[in-house]
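Presented sequentially are two complexes of chain A, the first with chain B as partner and the second with chain C.
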Partner chain A sequence: MAKKIPLKRKYEMMTRGLAWDTTYQDMDDVYPYDKFEGIKIHDWDAWEDPFRLTQDAYWKYQAEKERKLYAVIDSFAQNNGQLGLSDARYLGALKLFLTGVSPLEYQAHRHFAHLARNIRGTGAQVAAQMQSIDELRHAQTQIHAISHYNKYFDGLHDFTHMHDRVWYLSVPKSFFDDAVSAGPFEFFTAISFSFEYVLTNLLFVPFMSGAAYNGDLATVTFGFSAQSDESRHMTLGLEVIKFLLEQDEANVPIIQHWIDKWFWRGHRLLSLVGMMMDYMLPKKIMSWKDAWEMYFEEQGGALFEDLARYGIRPPMHAEQANNEKHRISHEVWAIFYQYTHAAGFHTWDIDDEHKAWLSAEYPDTFDKYYRPRLDLWKQMAADGNRYYNMALPQLCQVCQIPMGFTEPDDPTTICFRSREYQGDRYHFCSDGCQYIFDHEPEKYIQAWLPVHQIFQGNCGGAEIPDVLNWYHLNLGVDNMAYEGSAEEKIWNDWMATRRVGAART
Partner chain B sequence: MSTNNVSITLQNTEDARPIVEAITADNPDATVHHYPAMVKIDCPGHLTISAESVGERLGRDWDPQELHLSVISLSGNIDEDDDHFDLSWN
Partner chain C sequence: MNVDIKAEDFTPRRHTYSNVARRYGEDRPASRYDEATYDLQATTNFHYRPLWAPEFEIFDTRRTAVVMEDWYAFDDPRQFYYATYNISRANMNAAADRAFEFVDQRDLMSRVEPGWLETVRHYLVPVRHFEWAADLNSLRITDYGYGTRVTSAAMFAAADRLGMAQLLTRIGLVLDGYDEAGLQTARTAWLEAPDWQGVRRLAEDTLVIDDWFETFVAQYLAADGMLHPLVYGVFDDAGLDHGATAVSMMCEFMVDWLKDNARWVDALVQVAAAESPENAELISGWYRTWRDRAVEAVSPLATTVLGDAGDSSVGTIKDALDARATGLGLEA
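So, the complex of A and B:
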């Protein structure tokens, strides 16, 4: 039997051992993108993948993951797994996740393929190749989930079209557009480090555990299958940062600025996940606040202590983000509740049991600031006057979320920031977003802001039905209050049938 | 060396169970948290997974790269070789 090659030696042979420097063409011409950002690299061979994953092992383990995943997805589809959900309200969270995130997986697939070609370090090329294939796999598995749920529920019928047009989907879309239009090292810092390493746990881990708790076998299975790849991506993220910081002291301030920027970009994006966890999972697993404490304050805190030896400090607006953990899920739910007639999913009035949970999880803020608003809205709905906000909101120029966040020291006052640039005024939801604009105004003045575009007449017409038509959303079917919706009716019919069936046996 | 927690989260599956058992046996300071579908293990400063220890529980050789099939998330600097998978903060 052939002797097994030790892992470290195998990794050497299958990365460095397969690479060469070009001689007919100058290396700078072959790799034109990895110098313009000012990052200095002296020794690409110092790049290490701590997993030491080589292509042969990669395909072996990925094939095993795919076999397991598709067995579950197939079984879920065959056995009407959607009937095992805790409640049809759960689908709101799932629809937002699938329409918001799945196209980003595809974008990530494309951009890591670009990096694999355009970064000159072999270790980095191999890691980026694997991540590119991983991201394509994630997009595919999520599209299988979309395909299944689309057979039974509303709002998932045209997700790629919607991603390019719908107002709140511009939040994840513009986040990723910002990253892919940056240079290669900013992209690594943005996606591999700030997003994957520091924040992605908050997207995939408690939310997927929540999916399991709510009977969504398909989502928890693709979610955790994807997350097993994320563990490798996170490791790449930490490794790329340490590598860049060790290569040259001049890299430190550049990286620090990117960390400051992308931490805040990610924090704003994840406020949507906060709403999903606190308001949209019928059976709760943990509050957004607890998840933030566990994954950012504790794990992120340990990470930034570890990076202090390189001269890196925690992200600039981390304190504000910690402060907002008591608020953002409530603030974002309020936005979607009042604009649900323009969304691709339903919202609903919060029942007493759910309010009691929110009150226990958010003892400092819920009863004082948010319960009265929910009570009022519930009363209005009971009076036949369910609240829909018919005025279009001001969007933040950077994160593109409607300006519903509050002042750092006052949760009762909406936070407005603005800047004049070349004769026009631009608006921001927070100091963090304004800081980002101030460093690259020429980039963010080009933002495609859905509300501005509606007013400029670029979105199918001036009335909400025209715009929804242009989004390919069906007014009153895909959206508006859950109470009285077609989705509620079909769900209750199914459950009634199940009870009748159970009573017969 | 830092005493901040390193952390690993594994799926709550048959494949992961011997790994969780080996971790708790070999890292006396580890704390195990159970959630729906997953297990999160925290340990101050350092955590080790021994291939031998997992192999004993499985009744066959275990390659640390098999961890890829079960891991959901981790926190800490990684050191992996044929016989171990370690997490630590400096």
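So, the complex of A and C:
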């Protein structure tokens, strides 16, 4: 009869037991990339497996989840599930997600494969391999879940082409390129810890809750289905950090710097999510400010208290980020409102009900700083003079967002920072971005900055329509104001038919 | 509310994503496989060079000497995307579970002749380490490969290899009545037994290949092409005379896998070789090098298990492999 082997031991046989120290080839040749960052690891055996999932169990669980998920996606398409949306404006969030986030899922898949191949601790390798295939899942299922929307709505149709080219999509793209071009332990810190563990509730959750609140059944089903994957990714993120910190004291300052860097990089990336939450969801989940307080200030605060025993302090620019919670969503919306002719999604004038909500959520800032601007723009649009900014913006060299953020102590003054490096001057939106540049100038001077590239003639031509063609934006369809768009028309037609249908019964 | 559906116009404004439509040459409904695999990987405007390999872009066609006009010319005949892949393997695995149960219920292990059981422990259980190396090689292809048509299938293959390494671990435990000492013995054989050293050296040498397409040929055509038919075909057949039905049943997953996976391997090699005479020559050269290495590596093991018949069995497998390679447009 079968003897009982403890689960932990059995899992070790199924993972670490498979590997061996090579002798015909030098281990440093088999694993050439896990030392150059200066991270010291003395004992991979001390690694605690963050989850114990064998491949056969993985196939079983994931296959079951996929059967359910695709049943929902199929019936959603058959029953024209798009009619259940709160409003066609909701699509903006989905466009941002498919063009900005799904390609990152894909990138995560490829680079977790890199980690799984190149870290010499087998426990960590296997965990990274599981995450690699999970992230491929996320990319592929998102494409399938959104495929039906693409048939009826604009701005979704060429998301990978756009991700490689469109100006604001260089924000998420450069974020991830930064992580994958770093060493394996920085990538772990950047993505598994800072992004998936610390900030995930401010990225993934807002999109998925936004879908739930706004009747997007296809995306919300995907979101639920991905939850168990994400919880594995989060536990991996925490385990990696604790493991590295416990292995050697010399690792602490290295990790601290990475946390400082990736916190700020993540915070800047999330300003796009903040805009989405406060401005683009017809039915709001919560304000960006509340989300920041709950998920970063409270939960993140507790986490960093816990990490203090390793000598880790909260991220360097956390105070500035907390300070910005009253403004960034408004500042970013203003950027996109002005440049919506060059974007793959629509923006619109904010109605009174929405303004009242913003005013209540942001009592210290909205009425004072942002409402007057929205009122003015609405008036201009009513006068037939909808505001589009035709000058190309200056971009931050690090986060690549147009310079629209403001001074820490003055929300009415744009924040400019700059540095000279090897005879050229580089510009930054904030102290955080400048700090990141200062540590690795030779990296950030390589950045493919969309506006520079346009001026250098690398983006299809000198005129804005040339550039938009090069982006594969269908002019007058994918871009411009929501008011008067094809999307508004189709939506209103559907809704009008439904009202007639309802009235007849 | 009674909705008058007929009055509503649900004519799609487009049928698939633009990148897929461009590949089809027209806008028409696409397969899920195509939407999930075409053009997913970034191809241009990378922001930074990898600190760990500054001579390359993050994704770079120069990671292999094989040249393709279009890296999306490959087709996985199985049309695997994540969902269909996992469902396929969950089904194969359910069959494996039933086999293990059957072996247990009928106590089939007791029918294996003790001497042969010793042989099985020696030739079969160390293969889990070979599969681990194959997993690493698959991850290398996933990492350095160019284009999702190649890399997503490589990811699935990586999961397959890990799954088989773990299945072999499970078999190893069954062979020893759930005593983990058997795994340790097999590990020692892998590390030290003279008849295993050729295979281990082969595995370690494939781990340091720079060109991912060469890794692919070495692992998936040459090493797998020799070792899998030997272990799961010839050795397994020999076991039938020694009451080893249980072993065959527990290994069926691997037999099914090899057939299934070969469809992908062959399609990939065939398309790459047909692309140009230069590709065909390059891949043929890799094939011959690694085939010779694999033949040499597995021969001592064949002799251990089959005695004098070992060499001729290896020769038969080699001939079949050469015929397969020739059929794919290679010069064997």
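The working rule: the second predicted complex is superposed on the first by the 495 of 505 C-alpha atoms of A that agree within 3 Å, B and C clash if a C-alpha of one lies under 4 Å from a C-alpha of the other, contacts with A are read in each partner's own complex, and residues count from 1 in each chain.
What we mean here is this: a residue touches a chain if its C-beta (ideal position, glycine included) is under 8 Å from a C-beta of that chain, and two chains touch if they have at least 3 such contacts.
This structure is a prediction, so every number in the text was calculated from the model and none was measured.
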item: Dominant toucher of chain A (residue count), chain B or chain C; value: C
item: Which of chain B and chain C A:R232 touches, first, second, both or neither; value: first
item: Contacts of A:V252 with chain B and chain C, given as first, second, both or neither; value: neither
item: Which superposed partner A:V72 touches (first chain B, second chain C, both, neither); value: neither
item: A:K8 touches, of chain B and chain C: first, second, both or neither?; value: first
item: Touching partner for A:F224 - first (chain B), second (chain C), both, neither; value: first
item: Partner chain in contact with A:L475 - chain B first, chain C second, else both or neither; value: neither
item: Partner chain(s) touched by A:E305 [first = chain B, second = chain C, both, neither]; value: first
item: Chain B versus chain C as contact partner of A:R52, first or second or both or neither; value: first
item: Those residues of chain A which chain B touches in one complex and chain C touches in the other; value: 64
item: Footprint of chain C on chain A - complex, ascending; value: 2-5, 9, 13-14, 17-20, 22-25, 29-30, 32-33, 36, 54-56, 58-60, 62-64, 66-67, 69-70, 80, 103, 106-107, 109-111, 113-114, 116-118, 126, 129, 132-133, 136-137, 139-141, 143-144, 147, 150-154, 156-161, 163-165, 170, 173-174, 177-178, 180-183, 443-444, 446-448, 453, 472, 490, 493-494, 497-498, 500-502, 504-505
item: Footprint of chain A on chain B - complex, ascending; value: 2, 4-7, 9, 11, 35-38, 65-66, 68-82, 89-90
item: Chain A-touching residues of chain C, taken from the complex the two chains share; value: 1-5, 7-10, 12-19, 32, 35-37, 39-52, 58-59, 81-83, 86-87, 89-91, 93-94, 96-97, 104, 128-129, 131-132, 135-136, 139-140, 142-143, 148, 151-152, 155-156, 158-159, 162-163, 165-167, 169, 173, 177-180, 183, 187, 190-191, 200-201, 204-205, 207-208
item: Complex interface listing, chain A residues touching chain B; value: 6-8, 50-53, 57, 61, 64-65, 68, 201, 204-206, 208-210, 212-213, 220, 224, 227-228, 230-232, 234-235, 238, 285-286, 298-299, 301-303, 305-306, 309
